[in-house]
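Shared chain: chain A. Partners: chain B in the first complex, chain C in the second.
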Partner chain A sequence: MFEVIFLQFLNGLDKGAAYALIALGLTLVFGTLGVVNFAHGALFMLGAFCAVLFRQLITLETVTLDPTKLSPWGSPLEIREPLVQAWFGDFGAVLLNYSVLFSILLTIPVMLVVGIALERGIIKHFYKRPHAEQILVTFGLAIVAQELIKSFFGPNPIPQPMPTDLRGAADIGAFLGMQANVITYPIWRLIYFLFAAVIIGGVFAFLQFTTFGMVVRAGMADRETVGLLGINIDKRFTIMFGLAAVVAGMAGVMYTPLLPPNYHIGMDFLVLSFVVVVVGGMGSLPGAVAAGFLLGILQSFASMTQVKDLIPGIDQIIIYLVAVVILLVRPRGLLGRRGVMEA
Partner chain B sequence: MTLLKRGLSRRRVLQTGLAGIIGTGVAPMIFTKGAWAQEFCNNPTGDTVTFGLNLPLTGAYAEEGADEQKAYELAIKHLNGEGDGGLLNVLQPSALKGNGILGKKVAFVSSDSQTKSDVARAGATRMIERDGAIMITGGSSSGEAIAVQGLCQEMGVIFMAGLTHSNDTTGKDKKRYGFRHFFNAYQSGIGLAPVLGQEYGMDRRAYHLTADYTWGWTQEESIKNATEAMGWNTVAAVRTPLGSTDYSQYLTPILNSGADVLILNHYGLDMVNSLTQAVQFGMRDRQANGKDFQIVTPLISELMAKGAGESVKGIFGTSNWHWNLQDAGTIAFTKSFGAAYGSPPSQAAHTAYVQALLYADAVERAGTFYPPEVIKALEGHEFDGMGNGATLYRAEDHQCIKNVLVVRGNESPTSEFDVLNVVQEVPRETVAYDPAIFGGELGPSEPVPMC
Partner chain C sequence: MLTMPRNDLLLFLGFAIAVLTMPIWMAPFGAAYPDLLQRFMIYGLFALGFNILFGLTGYLSFGHAAFFGVGSYAAVWSMKLLTIDALPAMIFALIISGIFALAIGYVSLRRSGIYFSILTLAFAQMSYNLAYSVLTPITNGETGLQLNINDPRYLDRMFSAATPSVPSPTMLGLPLTGFTGFYFCAGFLIIAFFIAQRITGSPFGMMLKGIKSNQTRMNYTGFNTRPYTLAAFVISGMYAGLAGSLLAITDPLAGAERMQWTASGEVVLMTILGGAGTLVGPVIGAWLIKYFENIFSAINENMLARFWDFLPDGLDHAAVVVSAKFVGEGWFLTLGLVFVLIVVFLPGGIMEGVRRIASWIDRNRKSTPKSASPKTQPAE
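Here is the complex of A and B:
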């Protein structure tokens, strides 16, 4: 039984990492700019499609016909060779194998530009408008982004291969000195968890230990006073929006080997992430991370056969059930600031 | 009584009545074939006849839908006398002439069913009511097929199902206006179980992950029945929502459940995701109960195998048809489809193409588009040459009875298409069954409902 619980716990951490990573950006934007950003899921999706685009670019092929061999339908066999391998040889093969990781290099600048353009172009005009209007405009932006991606890449998921040596499972049980082959977990999911931990830690460290972060935190607490000190807080908040877009985009890239992305992938995560933010406390970074992991773990345990036998369908509703309870009992969320979301 | 007093004899009454009948034009409707020709839904009056293609172009089964669309377009070309003729040249017996159907050119309209039953039904309604479709065909999910089949029965339009594998389609939900060429879950169980027993032994413990809708339920039941009958135990059967993407929460409980076989009752993208993730969880490298852990996908297609890549190697399943069979029909269809689209056809494409031809052939044999006559022409029809060996369109449940293929993921493919190997052709006598076991009523073909 211990193995089962341990595996479900690992699974919960893995799911929680994805939730926390998206919720982190969402709550960062709410905490700094006061904007409820329904386009945040679309930023996750755009990041995932940066990986798709990168792969499509490096898998452009030359096609030659081999008249000595025939296809099953009698035409000369097509020999396809990736251009990148023809140009770069062994490094081309490495580039193809690790395309997901290399695509982060494309994703960071793209998402930074997208984030800053979005904030300067549209979202800044809605800072002082009601949350309902912010939600409408950002939701509209998300739909526009989805339709653009759909028109370029089609409606169906596009699988992204994970590097060959990172496929399969790691024997965590043996690593911890337990019986071999009992507690195993997919390597890429462990990488995703570590990646999320590093990004979350990095964002916290950036906000906690840099002057830039200190000013941003001060602006989050009292924007007007910081402005009166002669600091251009708007500029810093714009950069924070760009940073949130980069975090969402990288989360999307790293998720592509686990889940083939389609234009709708961001919306699937957005709803869950909003629940995470509400449960954690709107605008609270530690709250978003804690709630992300908590809900991931709860969802994982709710999927156990023994639990589902007791309460059928619980795995599908557990997250929303928790959200309802939290909103009833503690409207500001687990670690939310007093007064936020409270009457 | 006054009339009789004037001497109106029985003969005179009959003569007057007959003259009246002829005079009012009723006579041609009694004495000529096709008298009912004006009285059915979307009776084609011009020089074209329209097929309604209901295809899942988005959603979990989108790849199958896209391949079905290619096949229908090819079939319509061949029916209209264009291209190389494809299977028109090998269908036996055949009334097809390559000049359309009953001299009318075949056209089509299509609708994206999104792999959703309600959308499929709405699309079929639109194609019948707005576009005048004489026949509805397509679909890649049994949920869609059953929903559309019910609609077609209500509207008096024949439905030639695409890929649907649930026992219910020609079982408890069968309809007089619905016909299925594809095989079903029961036949998969009968065909696959002996091969699994031979390969993996009779003492196995199976864990099922099942798509939570009609097809998944009947496949789970059929495979459980077939494997338990030869001595396997079922540890658990867990339902997963159709269109799930992350299966990790369902896979982790399997690792230490005591099971040594995972049976994935998933199809399309669901199966690609669940199989790939199961392999990522190291299931194929595990030992359980002193045996190598195995994964089985009872229904598998080359499209799924291609999507699953390395993960599918060595995995057993069943298929309705496969492009590398060596009969004349398969060779003709693969050549035709490959030349048109640059890839071999999937089993979804094959069944779609065959259904289009079988409908057209039935209309030609009936000499009319009147649905009850076309139904009679299809019921009990024996044919050959379409790639599945001799085939019977069984009258009792409208299920085609033909050979079933047991296939296995190719360990050493020679091309990107060479992903499955046929390991056994199970003869149709072995997979035939009593249609009464699944219940259901076909319902009437007449009076023909008017759409």
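Here is the complex of A and C:
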């Protein structure tokens, strides 16, 4: 029984990690700029498609015909050689294999630019407007982003291979000194969890231990006073928006081998992430992370057959149910500060 | 009706005439066929009801499609179990969606602002997920609920023998196909418009507008606002249920995707595009979206090539490639862009644009500056 519970716990971790990463970005934007960003899921999706684009670029091939050899159906043999392999040799092969990891290098600058452009271009004008209008404009932006992606990459999911060495499962049970082959866990999911932990830790460390982070935290607490002290807080908040976009984008990139991305993957995650943010408490970063993992794990437990037999359909609605209960019983969420968006 | 202020009466009559003559004046636009006109009526009704909640009270519901879907299911079940007649189906749909809205509204309205949006969204997603999975016996899951030759139809059986084929919905024996179906829906849209107009002008409607302007102040004045918002929520849920039942009657098939949150988003788009808080705006928004959905998604590259033919070679090809992204499959991109522009530059929607133009003309004529109408803020 312990093994079953432990396994479900592990299963919840990777989804929880994705929720936590998206919710972290959402909360960063809300806490700094006070904007309810419905386009955040679209940023996740854009990140995922950075990986797709990167892979499409590095798998560009040269096709040469070799007339001396014939293919089984009689035409001259086509020799396909990926350009990267021609240019970089063995390194090209590595690049192809680990394309998901390398595409992060493309994702970071792209998402930073996208995020900052979005903030400076449109969202900037909505600080003083009511939350309902912020929701509407970011919802519109999300539609635009997802339709653009659809028109360039098509409506179907595009599977992304994971690196060959990282396929298969790790025997965590044996590693922890338990019976072998009872608790196995796909390596990539483990990597995703560790990656999320590093990113989350990095964001917290950045906010906690750097001067920039200190100013941002001060600005979150009292924006006007920080501004009066002669600090250009708007500029820092813009950078924080870019950072939130990068976090969402990286979460998207690393998720591609687990779930082939299509244009509405962001929307699917967004609804859940909003629920996560609300459960964790609007504006609370630790709350967002904790609620992300909590809900991921809860969802994993709810999809156990034993639980489903007991309460049919619970796996479909558990997250929303938790959100409703939390909102009604404790409106500021699990770890929300008193007075922040408490209505 | 005689007690109505003259302007309201004129607006109502104008609206009714515009709706009833639609088959005539839509003809030059290529939209005068009953199937599309019916959808104009149905989504107009949906947006009209959504506006009673969002436009008057400022509560932004992101789960209104749930009531639309429930209305569809209720109507189809009534046609399966009781009778193929449309009126019982609609009454049944109204009751069921009203109860559903009462339950969801009672819980969701405990919170306001973004929390209210998320609560309604959560309930709608729960309904959608359940309709797809566990509730398959009721909703028929992915296939969608439809009429069947073996349906019991107890009321019909009492009066007549079973028909050899699947019957199509009627109203008091009148088959609702073609333009009859359109006038059937149009009648309900006009009635619904009349009710919405009366609500807006009534003390109850003033109360709702007061809630939108400043709910806290309303509370301090001694009003308990909860019953008013709940009433508005239930009314607008019943509008959505009625619209859903009309859709099920004109096309007897109810699917779960009608409840998905993208469908809720669509009605929000319609209302904002037309102008939230105005009576005619949401209906016009719904018409525009449905019209362009129909027209834009039918345009293909050949038509574009003919359109851009006047450009020099090469350039026309580029124009075709670029504009092809915005039509056909990609028409939603156009919608998203238009929507963003509307929210940024014209938060009051098309109706505010009309008002601005009207006051601009007015000013030019009299050359005396006239103050714009006061803008109300939604409840926070």
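Here, the second predicted complex is superposed on the first by the 326 of 343 C-alpha atoms of A that agree within 3 Å, B and C clash if a C-alpha of one lies under 4 Å from a C-alpha of the other, contacts with A are read in each partner's own complex, and residues count from 1 in each chain.
Criterion: a contact is a pair of C-beta atoms (placed from the backbone, for glycine too) under 8 Å apart; a residue touches a chain by one contact, two chains touch by 3 or more.
On a predicted model such as this, the values are computed, not experimentally measured, just so you know.
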| item | value |
| --- | --- |
| First, second, both or neither for A:321, with chain B first and chain C second | second |
| Partner chain(s) touched by A:130 [first = chain B, second = chain C, both, neither] | second |
| Partner chain(s) touched by A:63 [first = chain B, second = chain C, both, neither] | neither |
| Partner chain in contact with A:331 - chain B first, chain C second, else both or neither | second |
| Contacts of A:278 with chain B and chain C, given as first, second, both or neither | second |
| Contacts of A:141 with chain B and chain C, given as first, second, both or neither | second |
| Which superposed partner A:176 touches (first chain B, second chain C, both, neither) | neither |
| Touching partner for A:15 - first (chain B), second (chain C), both, neither | first |
| Shared chain A contacts, counted only where both chain B and chain C touch the same residue | 155, 316 |
| Touching residues on chain C, where the partner in the complex is chain A | 58, 60, 107, 110-115, 117-119, 121-123, 125-126, 129-130, 132-135, 261-262, 265, 268, 272, 325, 329-330, 332-333, 335-337, 339-340, 343-344, 347, 377-378, 380 |
| Touching residues (chain side chain B, partner chain A) in the complex | 57-58, 62-63, 236, 238, 241, 245-246, 248-250, 252-253, 255-257, 269, 272-273, 277, 279-282, 285-287, 307, 309-310, 323-324, 334-339, 342, 344, 415, 417 |
| Touching residues (chain side chain A, partner chain C) in the complex | 36, 122, 125, 129-133, 135-137, 139-141, 143-144, 147-148, 150-151, 155, 267, 271, 274-275, 278, 282, 312-313, 316-317, 320-321, 323-324, 327-328, 331, 341, 343 |
| Chain A residues touching chain B - in the complex, by the definition given at the top | 3-4, 7-8, 10-11, 14-15, 71-75, 77-78, 155-157, 159, 161, 167-169, 171, 181-189, 258-260, 268, 299-300, 303-305, 308, 315-316 |
